[in-house]
Structures are given as structure tokens and as C-alpha cells.
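Two complexes come next, and they have one chain in common, subunit A, joined by subunit B in the first and subunit C in the second.
Moving on to the complex of A and B:
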């Protein structure tokens, strides 16, 4: 499906990377432990960097290599490290040192198989709605764009289905991954400074979410957001 | 060019390769698995000896069982031995009987074999055999959507549902190999094969714990030659599914493209090697994961379904 010069293989490689990112998003949805969720998030972010490298090689955009490196440093190394520090080795009152963070296993509102099936429906909706935009960017693999759309929906689904703050934060971060993916395939030539700004935006979000998670845990002594329901007006 | 083999001989060789090679693949898996667990393991030919031993033994049947109980293993093996006529086992070109049925035809034969085994298990009145049959049918019903979507993928990529055409499409270019639809469908098919051959994470292959048993429990009441046929049937099924995965989806190379004798011999060797490599992968998975709880199998199948659905929808996204 590669449009332009390189016939097929680059475009298909981009599609495969995008499809794998979508599958990792589903992995996030199913995963029961925060530690594993963070790992999956790091893998997903690594795929974004791989995709950036593929696109850079395909279209001769050297600054994308820099972006790939920066994105990897930030999202594969820094963000997971920060999240792990905040969640798994917290020094907040109520958490003893070395104690494992509370699990998020029981936080499904649906059972896992139904959640996956519902998200498949969401993903199909996202896929076809983004696919029907008929974006004819110069060299964009259209499938990858539509997959990014599917990822956005699944990330939202993840935040809805899981009732714990940690999964919701991870869902939000992976939403950012989905948007980066869309940006990469649509506007690969976007100025580097803009992309960098987005990345640091993410870092701010991580810190804010971290604070929120810890504050919530200190108050409610659980990761569950079920207690917040009674705050509804 | 050396002597060309007549087409019917090649066709017969497809069946013979499967019929004679299947126990060997089972032996390789058992050996690799044992080695990975630090045991010496049975010799590679052990499955042949097991079958020979069972064939010499006396056959018993439950008192109320009808003739079907005894006919079922024979029907099952006959169905399994028909499938190699339909799928590319040795040749990359379609043999005359190869177009007798498509992927669905092969699927029907597999389903028929599993159905007669289940009915035979119901005949016995034994609780464990019935439990195995009931579970096998339940779980094959939930894997059916995955198989259907794999077929859809083939249909979308090739506009046919012929395994020969699918293999040809994949051989044709690197682009059609790395296409997400193909990779995802192959992965999903592999997960289904793990399920269908009763491997971890779905079923313990060599356990004696009835609670987790699915297909293994079905043959509890059969004995002697009939048990041998059932066991042989599951070896055949495993080999056929491996051949399908290798020759149609993952590595459709090394097949004979002519009728010459060396080509066909190479194809036989290549198929055995490919099946053994898949078997080694299966053994590694067997040794590195735990069995899923019975009610978690739906999650496993949902994951396979997810893979193949994402694969199918990527076909539509190309704007093509």
C-alpha cells in the first residue's frame, strides 16, 4: 500500500508497526498488573520510534531520526521510569517502603473477554471512520492512519472500562501515542520543535497524573475510582 | 531433468507423507519437550511403537455402545487422510484432486472427524469421555469465528478461498508477506492450532488430571486398535494443521514446482523439517507457560479473534 516511490514494503512495514501498536493497546486493556501495563506502554512507545525510523528512511526526512531518538528516550525510558517511581516505590503515607502497589486486576467493569469484544467493535468504528476521511497525504499509509484512529477509540475504551486511576493514566498516555502515530503518518514533515513540544507536554501530563494518583491513593487508600462516583451531582 | 513422476503418484505421496510423517513429528515434540525439562525423553520412533503395541491389543467396548462407537475412529482417520489431498502438502501447483474442496472443505473434514469422535464418546456413557466431548464441542464453537475470519483474510487477499492460491500470493512478493492482514491471520491461526492440538495454554498434553482435559478425555473408553486409531488421528490432525500453517501461511517455500523426483523428495524433506520446527516452537511454548484455567480459555480465544479481526479490517483501510 506504499504510495509514491517505495513500492509496498515500507508502507506495509508502517502498517505492521501500527497494527502492533493497536494490539499492544488491547494488551493494556487486558493487563492486570500495573508493572506489566507500564512495560506494554514502553513497548508501544518503542514501536512509535521504529515507525518514525521507517518513515524517515522511506521519505528521506533526517530530522525524524532525531525525533525517533528523542521520543524513545522520553517515552521508552523516562516516562515508564517516572510512572514506576510514582506507583511502585511510593513514599506517600499509607504505602510502606518496598510494598507492592495495590493491584488493578479487579477493576474491570466488564469481564475481560467482553471488554475485548466491545473494544474490537470500538476499534472497527474508529478504523472505518478515520479510513473514510479519504485523506490523501503525499505518502501517508492510509491504513496506519486508520489504525491510529482505532487506537484512539480503544484508548478511550480502556479509560472507560477500567475503574482504577493507574490504568486510566496509562490509557491517557497511550492515547498520546495514538495521536503521535496519526501525526507521524499524516504530517511526517511537521517541524521538529512542534513535536518536541508535544513530547514535553506529555511529561507534564505524567507528572500531573502522578500527583493525582498519589493524592487519590492517600485519600481513598485504593486505586479504585469507585469512591468518586458519589461525588456526582 | 530426471524422471518426472506421474501426477497420481505425487497425489498419493501427499497422503503417504502425512500418514507416515505424523507420528515422527509427535515424537520430535515429545523429545524436545523432555530435553527442555532435563529428562532424556522417549526415542523419536516411540509414537510408532506405541501405535504398534495398541494395534496388537484386545479391543473392548462398553456394553450398550452401538456399532458407531467402533466405526468412529475409522471415519475420523479416513477424514484426516482425505485432507492432504486438498491442501498444498508437497507441490506449489494444484493437483487434480486439490480443487475438490477449498479451505472450507478442509475445515468440514476436520469438523467431521472431531464430531464422530465426540459422538463415539457420548455413546460410552462414561462421564469423563462425555465431559471431554462436550468441552471439545463447546470450545471448538468459540474458536470457529477465528477460523472463519482467517478464511475471510484469505478470501480478501486472494479473492478465492483456495489454499494453493493463498500460498502463491504470499510467495509472489515481499510486500504481500509483511502485509499486516497476513501476519495477523497467521498468528491467529497459530493460536487456533495450539488450541486444536490440545497444547498449553489450553490443555495439558500428557497429563492425567481429568479436570483440565478437553480432547484427551474423549478416548477414555476406547481401547486396542480403536484407541490406536484415535491417537493416530490426533497425530494426523496435528501434522495437517502444521502443514497448513507452514505451506499456506508462514513458509510456503520449498514446495515442488515440477514433477521431477528430486523436487518432490526435497519437498517431502522440507515439509518434515518445517513441521518439526513448528513442533519445537510448540514445545517451547508448552514448557514456558502455565495451562489456562478452563474459564480463561475464552480470553485466549478472544485474543486470537482480536488479532484476526484487526487483520481483516486493515485490508479495508488501504483505500485499495
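Moving on to the complex of A and C:
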């Protein structure tokens, strides 16, 4: 690990965290229950915060501690809470109170094996293309950046192969995680105020996604997007 | 002054959200805020042209480029605020009015904020806010499902019966709006995710050479341009073009655009098309500035040319065979954004000046066209082109004005778009891109055919006997509301002025903006 990048604790930690996040991304891809998807997303977000703490300690950037805490509060606690609240305990017509939301297991456009294979190909493409950009420097571990690139591609793949609004939304949130990873690796010194603004922006986006998902569910009485074919041409 | 531009619409949004009786208060607040914003923006022009060329306040900064885009947005904001008074007069509940006006002001606020941001990161945040707010506005027609249910079903159905914008009953319109909003927010957010990645690469590039508290401000990045490492800058530009291009409506990431434009309420469609697309294009221009000073202008110009030509040609073909008047106009927006991208791709100063003029003229023309389409849909109770016949006789004012707007969009001479497209083509020939210039002319001509055929059909053709009752000519000729005519007249005047003799200060402003874009080389 740490090929061509920063040696030592930081580089290795970044690589390990990135690899774990990519694994979780694949978990998201094939997870059948919204509740489990939300858990995986929270785990992925927790890894981001851990990585931020490691970087803060290694490179003596105290404001990254604050960022790690904020990021954890928002992405590990607040966002999953909002998603659960909006999706799993809905009071929208069509759902009975207290009932588990419909699963999203059967929402593949491809079968599961093909979807995973296609995503592996996407991940490989992302990994090697981002790895070949030569944006490395003494501060940026190349492997972690390439893994972030792979995650971006798999997140897009997730949004494409799953035909239900919940998976697509989670796919978008994990895309944001991938970008956060790239930001940590490339731009750790970014001013805290900007990072904070990004995070609150995400929170607002989550609420809006949730509202639209509920609107969709009330109209279509399912999570599926297969019938979103009214507008074309 | 800069701060006031941000405070006024935001305060208006809050006031509309909290107003005890939105029916009486909200429209007035919106109109006042719209006109005040336009006044504030126009007051910035002389200072920018004369003195140091920019106004600064903390994180806010307006130079000539920002000001051109601010003018387009503020003009539409003011015109549409007036228009909305008439558009929403009938058949909408208090809850709908409150949400519409609060969202409308907030949307305008976010679009006025974007060009004022001094840093790429803040710019990204502003553009993301525009997405979120406008997605909620698109979903507005989805009605009761959003938030707590009940309370709105009655008025929404009443709107359809009274000739509201909903096509086949409120329920079906609601489902389409929910679908459009979902596609819009997902596609645009994913696109902006890429733009954020581009922003991060720009930060990385900047942090290599600029030390200390570097906050992604545009000016130091441009100043340090030649020293920036090339690979990340190029990567940032491509990601930003693709990402913000999603919101501009560049092919192949335009797919949300016709849906959102056709399902939103007409004033929102006009704001989406005339102002939001331009605001996103502004973001690309900032990345263009940085990239051009760093790796030279050839690379970013080639990228924009490719996107622009593809968008223009595809949109020109899609304009044919559209059956929904607002989708027709939406594809025309993609075409015009393609033209803007091509203009920057040409790189000649006259093409850049044409592009900036095009942004203004397109805002006025497309605003007018969507406002006219809004009147037609209210009058005929349908968005189907086949259902709208004889508009010229039924609507003594809006009919001809809509016709003029469509011909203006097709770049007919007295309008500002003729002047801007003429400059762009001239710039293309000057820079030696003969093939692209020819493709530009061909695409524009194709779109002209399609647009003018459909528009003359809607305005002049007699209603067919076989059509359903709803599609026949309404019994009483006459305008639904004078509020919906006045802003279109203002837009028409603006278009003609831009076409015949743009005011001297505007010309100076554009000339300065061209210099900032590096068009003098």
C-alpha cells in the first residue's frame, strides 16, 4: 500500500479507509433493504470521519478534528435519522402506520451478478483512470485517490442499475462520500468554513430528496422508478 | 450594495413564507423585491464600467462578467414577479401561493447569489442551492403529496376545471410533476457532484502554488494561472464542464431539462430557462478563465466546442415533433446554451461579446416565450400544441407577443438574438472555424423551421372540428389578465433595444467582460 504516495501511518490509513469504503459501496449495490442500506451508508460515513482524525493527527491540522466531528454528527447520525424517519416510518397514504417500508430487492435492471460484475469493471476503470492522472504529490496518496475515483464510478453504477428511488438517493449520498474522500486526500487544508457549508448543503439536499421520495411514493404507491416513463422525447 | 442584492430577495422569501394571508401580501412583496433587485443590479453597472471594474464586499465580488449574468437574472426576476400576479390569480389555495412565492424569491435569491461569489466553493454551494429550491418549485404541481396531505386537492382540481395549467386532470399533472422533480434533482445533483470534484481538483492545483489561507477565490487562481500544474487544472475543467453542464443542459447530460421545464409552473419555467441555465454557464466560464490562463485557451475551447456543437444539433433535431409547447421551448433552450458554448469555443473577442449579449437577449426572449406559453396554457387549458389553435384571435396582445418571442428566438432581425448570433458567427469565421460556423448556421436554421411551424400553427390555424371540446377555440377572445401582458411588453422592448441599439453602458460592460475573459488576445 501507499504506492508512490506518502509513506507512513497517514498514507496507509488513507488507503485502508478508502478500500473499506469501496467495499461498502459494493455492499450498497446489492443490499435489499432500505434499512440496511442506510446502515452501510452510516458505516461508510464513519470511515470518512476516522480518516479525517488520522489526517488531523498526522499532519497537525487541528481544524480537521472539528470537521471530523461535524461530519460524523451529520452523516453518521443526522442523515440516516432523517432518511429513516422519512422512509421507514412514513405517514404517507399507501403505507400503514408502523409497517416496514417496502423492500427494494427486486429493483435491478440487470440481475445481481451482472450488476456486480459491471460495477467491478466500472471500479477498475475508475481506479486506473484516476490513478493515471499524475496528480500525486508528497501529500496525496495515489492509491486512496484512485479508490475514490472507483467509488465515484460505482456510485453512478448504483444509481443506474437500481430502479427504485431509495437506492438512487443513497447512491447519490455515497457519491458525495466518495467526493469527501477525494477532498480529504487532495485538499485536506481546505478552509473549515467551506467544508461546513458543503455539509449543511448535503443535509438540505437530504431533506429535499426525502420529500420528493415521499411525493413519488404517494403518487406511484411503490419505490420503483420503472413507471417513471410519462415524460420522454 | 452587493449585500443589498442578497438581502432583498431573501427577506422577500421569508416574508412570503411567514405572511398571514399570502393571497394579498406575497404577490406585492415579490413584485417589490423583483423590481428593487433589478434596480440594485442596474445601479452597479456604471461603477463597474467606470472605475476599477469591480465591487467587492467580503466574500462577495461583482466584476463585469458577473454583472452581465446578474442583469439577465434580475430582469427576469422583476418581469416574472409581475407576471405571477396574473398567473396565480385563479384557482390556487393559500398553501400553494405561500410555497410558490417563498420558493420563487428564494430561487431568485440563489441565482443572484451565484455570480456574486468570489470563490469557486461558494459558487458551487450557490448553484447547489438553486437546484434544491427549483426542484421543490417543479414539484409544486405535484400538490398534496408533498408535506402533509389535504388542503390542496380542492383548489388544484378547480384550477384544471377553470383552465389551469394541468393537462389531463390534476392527478395526472401531479404525477408528471413528481416524476420531473425526481429526475431533475437526482440528475442535477449527481452532475453537481462531479462539479464539486472539479472544484476540489482546482483547490488541489491552487494549493500547490498558493500557500497560506487559500480559499478557492477566483482572482488569485487566475493570477497564479501560468504556475498551476496542468493535469489537475485540465481535469478540473472537464469535470466542471460536465458537472455544471448538467445544469446548463449540454448534451448528453441535458435529459432532466425538458421534463422540469414542461412540468414547472410557467413563471418557474421561464426563470429556469432564462436565468438558471445561464447562471450555471457562468460557473463554467469561471473555470474557463482559470484554465485558459493556465494551460492556454485551446484546450478548454475545444472541450466547449464539442459540447456546444452536440447540444445545438441534437436540440435542433429534437425541436421537431414536440407536441408540448413548453417542451418545445425547453429544447430551444438547450440549443441556445449550445450556441453560448460554441461562442466561447470560438474564442474570438467578437464571439465572446456575442455570447454575453446572447445571454441577455436569450433571457428576455425565452422569458417572453414561456410567459406567452403560460398565457396560452391558461387560456386553452392544455399544453398540447395540437390543442392550441387560433391564438392570435383569442389573445389580442399575448398572441402577437408570443409570436414575436418565438421569431426572436429563431434570431429574426429586429431582436437582440439576431445581433448576438450574428456576432458569434462572425467570430467563428474570424477564428477560422468554418465548419463549426456552418454547423451553427445549419442548426439555428433547423430550429427556426421547427419553432416557426409550430408557433404559426398555434397562433394562426383554425381549430379543427374533430378536436375535443377543450381544444376548440375558447368562446371569448380576450386576455386572462393584464398582469400577464405588461412584463411581456417590457421584455419585447428590451429585445428590440438590444437588437437595434444596445445602450452605451451595456456595450462598455460587455467589452470589459470580454477583456476579463481574455478575448483580447
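Please note the rule applied: the second predicted complex is superposed on the first by the 223 of 233 C-alpha atoms of A that agree within 3 Å, B and C clash if a C-alpha of one lies under 4 Å from a C-alpha of the other, contacts with A are read in each partner's own complex, and residues count from 1 in each chain.
Basically, a contact is a pair of C-beta atoms (placed from the backbone, for glycine too) under 8 Å apart; a residue touches a chain by one contact, two chains touch by 3 or more.
Fair warning: this is a prediction, and the values are worked out from it, not measured in the lab.
When the two complexes are overlaid on subunit A, subunit B and subunit C sit side by side with no clash. Shared-chain residue A:120: touches subunit B; no touch with subunit C.
Within the superposed three-chain arrangement, the count of touched residues of subunit A is higher for C, of the candidates subunit B and subunit C.
Shared-chain residue A:186: touches subunit C; no touch with subunit B. When the two structures are aligned on the shared chain, A:61 is found in touch with neither subunit B nor subunit C.
Across the overlaid complexes, the C-alpha centre of subunit A sees subunit B and subunit C at an angle of 150°, to the nearest 10.
Shared-chain residue A:82: touches no atom of subunit B or subunit C. Residue contacts after overlaying the shared chain place A:26 against subunit B, while subunit C stays out of touching range. Legend: residue contacts after superposition of the two complexes on their common chain; A:15 is shown touching subunit B, with no touch to subunit C. Superposition on chain A places subunit B within reach of subunit C only down to 15 Å, the least C-alpha distance between them.
Judged by the document's definition of touching, subunit A residues 134 lie at the interface with subunit B and also at the interface with subunit C.
By the touch criterion stated above, subunit B contacts subunit A in their complex at residues 173-175, 178-180, 183-184, 298-299, 301-303, 305-307, 309-311, 313-314, 316-320. Touching subunit C in their complex are the following residues of subunit A: 92-93, 133-135, 137, 140, 152, 156, 159, 165, 168-169, 172, 175-176, 179, 182-183, 186-187, 189-191, 193-194, 197-198, 201, 204-205, 208-209, 211-216, 218-220, 225, 228, 230-231, 233.
By the touch criterion given at the top, residues 119, 121-122, 125, 128-129, 132, 135-136, 139, 142, 145-147, 149, 174-176, 178-183, 185-186, 189-190, 193-194, 196-197, 200-201, 203-204, 207-208, 213-216, 229, 231-232, 235, 258-259, 262-263, 318, 321-322, 327 of subunit C touch subunit A in their complex.
Across the complex, subunit B is touched by residues 1-2, 7-9, 12-13, 15-16, 18-19, 22-23, 26, 30, 112-113, 116-117, 120, 123-124, 127-128, 131, 134, 142-143, 145-147, 150 of subunit A.
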